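Each chain gets a letter, A, B, C and D, in the order it is written, and its residues are counted from 1.
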Amino acid sequence: MTDTSQTAHTGKRFDPFDFLARYGTLIALVLLILFNLAFTRNFATIQTLNVNLTQVCTIVIVAVGMTLVIATGGIDLSVGSLMAISGALAPMIFLGKIIPIDNVYLAVAAAMVVSIAVAGLFGLFNGWLISAFRIQPIVATLVLFIAGRGIAQVMTNGNLQTFRVPQFQFIGLGRVLGIPVQVILMALIVLAAAWMLKRTVFGRQIIAIGGNERAAELSGIAVAKVKLLVYAISGLCAGLAGLVVIAINSSSDANLVGLGMELDAIAAVAVGGTLLSGGKATIIGTLIGAMTIQLVRYTLLANGVPDAAALVVKAAIIILAVWIQQQGRAHA
Amino acid sequence: ASPPLKKKDTYKVGFAQTESNNPWRLAQTASMQEEAKKRGWQLVYTDAASSAAKQVADVNSMIAQGVDLIFLAPREEKPLIPAIKAAKNAGIPVILLDRSVDPSLAKAGDDYVTFIGSNFIEEGQRIGEWLVANGKGKTKIIELEGTTGSSPANDRKKGFDDVIAKHSDFKIVASQTGDFARDKGRQVAETLLQAHPDANVIYAHNDEMALGAISAIEAAGKVPGKDILVLSIDGGKEAVQAVVDGKIAAVVECNPRFGPKAYDTAVAYAAGEKIAPNIINPDQFYDSSNAAKLLSSAY
Amino acid sequence: MTRTRFLSLLGSYGVVVALLLLILFGWLRYDYFLGFFNITSVLRYNSMFALVALGMCFVIMTGGIDLSVGSTAALGSVVAALFSPQGTWIGLGAGVGAGLCVGLVNAMLVTRLRIMPFIATLATMLAASGTALLLADNQSVSVSYDSGFTTIGQENFLGFPIPAWIALAAYIAGWVVLNFTSTGRGVLAVGGNEDATRMMGLPVGRIKFLVYLASGGLAGLAGVILASQFGAGQPIEGVGWELFAIAAVVVGGTLLTGGVGSVGATLAGVLLLGILFNVLNFENGKGWISLSAYWQSVIRGLFLLIVVILQAKLSSRGNAAARDH
Amino acid sequence: MDTDNLLSMTGIDKRFAGIPALSAAAFTVARGEVHALIGQNGAGKSTLIKVLTGYHKRDTGDVTFDGKPFEVSSPQQAQANGISTIYQEINLVPYRSLTENICLGREKRRFGLLDWASMHREAEGLLQRFNIRVDVRRPLMEFNTATQQMVAIARAIGFSAKLVIMDEPTSSLDEREVGVLFNVIRQLKQEGVSVVFVSHKLDELYAVCDRVTIMRDGKTVKTARMDKIEKIDLVSSMLGRSIEKAEGHATAFTARDEKNIGKILLSADNLAVGQIVQDVSFNIRSGEIAGFAGLLGAGRTETARLVFGIDRLKAGAMTYGGKTFEPRRPSDAIAAGLGFCTEDRKSEGIVPDMSVAENMMLALMPKLAKSGVIDEKAQREIVEHFIRKLGIKCSGPDQKVRELSGGNQQKVLLGRWLAMNPRLLILDEPTRGIDVGAKGEIQSLIKSLADQGLAVLMISSELEEVIEGADRVFVLRDGISVAEFDRAAATEDALMGAMAHGNAPVVEEAQI
């Protein structure tokens, strides 16, 4: 038969484009940090790290779910609305507006479990529209993008819910070994998702579906089930992020929780190097992408760039980051 | 002159709200709806979802439905002019609430009946003057602006900044938008406090951002009211409570409870009374001297 | 006609049926709904969305997407307002020109730098909005009332609003381009299979370039109407227009993956969604849902859900593939 | 003739990520000749063509066409300069009508606008040269692979080109259609058009080609006149080693031992599905190779899809291992021990951005996993085993499958199913696009698997493959199983008779 000893790799030479594709965003992040060290006052402090990490948490948590969705070739516009739903529901439960629960811990636990689960169920609904009716993901999730926030607003009649419940707010304000709890949550989710995507059958199936759905189906992958799960996971992530946001603010405003989150999360995923067309994904990339966007925001604010100009700069940086990777990919 | 309103027992009126994305707006809507119910009037309510263009379309649909009078909370000064003119052409009187329109393009008493509301520039001024008088060495200011491009943001900035500009010992070290929202206000405040560790005043264009700023100050390990003075506008109950607690130093009221006065004005107009072109709400000013006493009357 | 053929037709014209049903519903339920005043004001207002959706339709047919249309319209309105003292045509040209500039940037990003359309236009959405705010100094910019610029948006021609005529003309032009020019067929081919189209020797780059340019130009034109109709350039207007346009295009049966699409059905989609807003306002007058404006979002979401599920059902059963001439 | 070259390519180099696909390749085509280009899978044929048409940019080398240096940077330019190409993978636009697929790029206009009437007429006319009479207004995706292939060819010859390149045009055509295509090629030749013809079916080359160029490992190793070279020499030049002459066999299938064949595993009675399959009955025993023969569109693929749970039964019943069998989705069929190697590897087979290993393990992965976690080590061993066993030409298990040549992709897919260790394997055109060397390997592999007890359902448009390989042959015509032959009875004449039954046109008017 044919001789397979051909195409011996002529040593691993350094390929600058491959390097860019792999580390482009990381380089951008490092450059930003250097810039700040040189020009931004009071940058090299623990508190700066703190501020940036706690601010980026919710985006990262949502973007992890989004990465999985995008890996299957889909997209989820509903995440912001799902954040609003879980953010609206939780206080209603732990403040005893639905059924009074005497024990605070029980009430808080019930609030967290139920509201995250509800967001997950809505995610499942997205997945159902997409797999059962073959509705395009953008449109399918547009339904809850519009209606989801409305549901949260109807639930609360639009009213702000304010509260002081330290047991609940622990997830937004607490610290363990000096590290903010939400940062720990974020790290756990990132690690779990990265591991899952790389090492498990489910992860591989997600990528296969994004790469060639028909082939995946014919290889026995339960495409519909995987999609359902992926959108449900995205919903769960959004639900958790919604809780973190309201915990930090001691208040829940159905009108605003998660507003615009879908675009932030998608931008983080793209800047992180995941292709929006599916079939490829990197969770760590998403983390770096989100941090880059966060640091851009911090840099612009800290240096007093006016909002309008900041929008233009942010646009340019997103393009630059994505373009650098694209260059790498095109030449690799 | 603006179109007349027939004298009737009950009316079908429209209320064109500009948006419903913050507690202030919700309170305003609720007040309008409650009052309509109380009087047994039919209310056609629309929500422009932050779009001036949609608000014009909303007003047009009220005209099409043949309402007797329109209460309009114009999102912006200029783009709502066509709505006011359309109503006038259709013979429907308009009463402006809370925000006004460009006086060079439409006149009270002629294109619309009157404007009822606060003066955003003045609100900024009042807070600025309080700071100048009571700052006690707190002079480095972070300003949290409202939604970029919205008239309360522009005006509250103008009123405040003009006062500060006249006092060279005060300085605005940073001014960025917090979108009138608590979460955004908090994040922006966190960042600005990091970049300007010497700042000791935060002026927020509304309560929500002020409350967000308080979280940010606390997260940075500082004490609101002591290390950093927080100033705000709107004067909702939560903010006035914060004044009582010493976390907010001063807040100008901007009362959203327009219902009673709005409907009274309509009735007076139907009765042929002369209506002043500008009806400015008598807004409270809360600081440590009166907050506890007035807390129960805050909206 | 066989059953499948019938279903396929219904798939392509389902949106028209839905539109007629909605109008019938409004006519039966509300007084004045089909009054001349209401008809003309709905047309006047929705003509802006119609223009934006037309551009979006072409972009989506190539398999792309343009998220920047809303901010581009805002930018167009600001630029048009700034130039309106120079005269109607100059204001119009300037607004459309601003839109073309954004379209040009999108086109370059997508075809030259090969940035994914979603990201490229997400970025220009931010940038256009920032630019509009900078040019307008964070405020609405008054148009000149003396130069005649407001005619475009506020006056009528043969009893109907000028913006509606403009939109109609644009749709006719769009229909001709799509069905009777090689560029139009190229648009569908690119969306159907870009690689194959390239191998077939069609100028894929040029076709994609043109659709983004056109989408920008149409958004700019919508911006001109925005400025003219409301008397002001509005830097913060246009939020969510892109989603409205996408929904209208999809409701019209155009596949988001590209390759299949119809200009006429897109117009029907715009009217369907636009009239829904109007219906909700009339419904509010009945006092049924007016207690909470939030029900409106829920109802709009549900409505979209029903329409897309029907679309999906019909098109999968009737195999509503492209047969448009 | 040889002095008047239309095309000459010399010293062509092309590397992908440092790995050479072409090295110092040279190729000349004379005016008005039909020139065969052959070589093993991955030898570089398609790459050479894509370099010529500007789809890939060459690293070095010179190209002269029609007496002038030839520099194009896109297929579009190549087309404008007189080179018309049918690429290996059908590259058309599924949603668009046949007319558009044929006429896009050289539309007819009236008053500046497209003249649909005359474009439809042109498309109809071109397809008639291939005996195809269909509604050209219908979208391409409604037609079967063969018709699509013909559309691609019609499109290419519709351009008045000086050179028409056909990269494996016959791999999805049956013999009758191949005959029609050859007539068209001869016609082109008469008109003075040159044709480059790529195929793995060596017999075809003798039927139409004047000369042949043989490629191996990115080099052009030999050019000869077709009538001066023997098949055995072609093969040994391709493989780069001398080979024995196969005795009286066109394929690598050799006689089988009846005792390997066991009990009936799958039996299907009066199946009907979709538009095409009306009434198909057949059965397969374990250890048996059952063949499906039929013209294109006879319903073989559709039947296979049904067995594998992709489509739903409209009528009829199946039993598998003695029990009723109603797979609702592929995973049901897989769980029951079935495998299905589809005919359309691009859209239903490979996941292009995944590696060879990931592609090959796609179906097996869940079985190898421990509580959902992939067992990388076990996978690696299996993948390396199959890369060796199937002779897959790749830089390693981690190379992206999209970078492999068509034939090697096919082998990866075969590996995917063999790794499952199935009880019944459905192979739809298993050797399509596979070079002679590998083809033989795959055929003997199929046989040895059957000897070990695997039941194989083999669909093939190559009659020899079915005749020599299958223990029993079922013939399908227009969605009906019309005949069954055992090995002894399955002669070419018998099969052809059953398949064709008269002289119906190749593709009927679409019955929608």
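Keep this in mind: a residue touches a chain if its C-beta (ideal position, glycine included) is under 8 Å from a C-beta of that chain, and two chains touch if they have at least 3 such contacts.
Given the structure is predicted, the values throughout are model-derived calculations rather than measurements.
Chemist: Taking contacts as defined above, which has more of them, A-D or A-C?
Modeler: A-C
Chemist: When the C-alpha atoms of chain A and chain D are each averaged to a single point, how far apart are the two points in Å?
Modeler: Here the centre of chain D sits 43 Å away from the centre of chain A.
Chemist: Could you work out how far the Cα centre of chain A sits from that of chain C, in whole Å?
Modeler: It comes to 30 Å between the two C-alpha centres.
Chemist: Quick one: chain B and chain D, Cα centre-to-centre, how many Å?
Modeler: 71
Chemist: Just give me the whole-number Å value for how far the CA centre of chain B lies from that of chain C.
Modeler: Inter-chain centre distance comes to 33 Å.
Chemist: Which positions in chain D are in touch with at least two other chains?
Modeler: Touching at least two other chains: none.
Chemist: Which chain A residues touch at least two other chains?
Modeler: Touching at least two other chains: 153, 158, 307-308.
Chemist: Could you check chain B for residues that touch two or more other chains and list them?
Modeler: Expected reply: 20, 148.
Chemist: Hey, which chains are touching each other here?
Modeler: Touch list across chains, by label: A-B, A-C, A-D, B-C, C-D.
Chemist: Contact residues on chain B for chain C in the complex?
Modeler: Touching chain C: residues 12, 17, 20, 29, 33, 42-47, 49-54, 56-58, 60-67, 76-82, 86, 90, 102, 105, 147-150, 153-154 of chain B.
Chemist: Considering the complex alone, what residue numbers of chain C touch chain A?
Modeler: Counting only chain C, the residues touching chain A are 65, 109, 113-116, 118-120, 122-127, 129-131, 133-134, 138, 243, 246-247, 250, 255-257, 292-302, 304-305, 308-309, 312-313, 316.
Chemist: Please give the residue numbers of chain A that touch chain B in the complex, ascending.
Modeler: Its residues touching chain B are 40-43, 45, 47-48, 50-51, 54-55, 153, 158-160, 162, 245, 248-251, 253, 255-257, 259, 297-298, 301-304, 306-308.
Chemist: Can you name the residues of chain A that touch chain C in the complex?
Modeler: 75, 77, 129, 133-136, 138-140, 142-151, 153-154, 157-158, 263, 266-267, 270, 275-277, 307-312, 314-316, 318-319, 322-323, 326, 330
Chemist: Can you name the residues of chain D that touch chain C in the complex?
Modeler: It comes out as residues 55, 74-76, 78-80, 85, 87, 91-97, 100, 104-105, 107, 113-114, 116, 137-139, 141-142, 155, 512.
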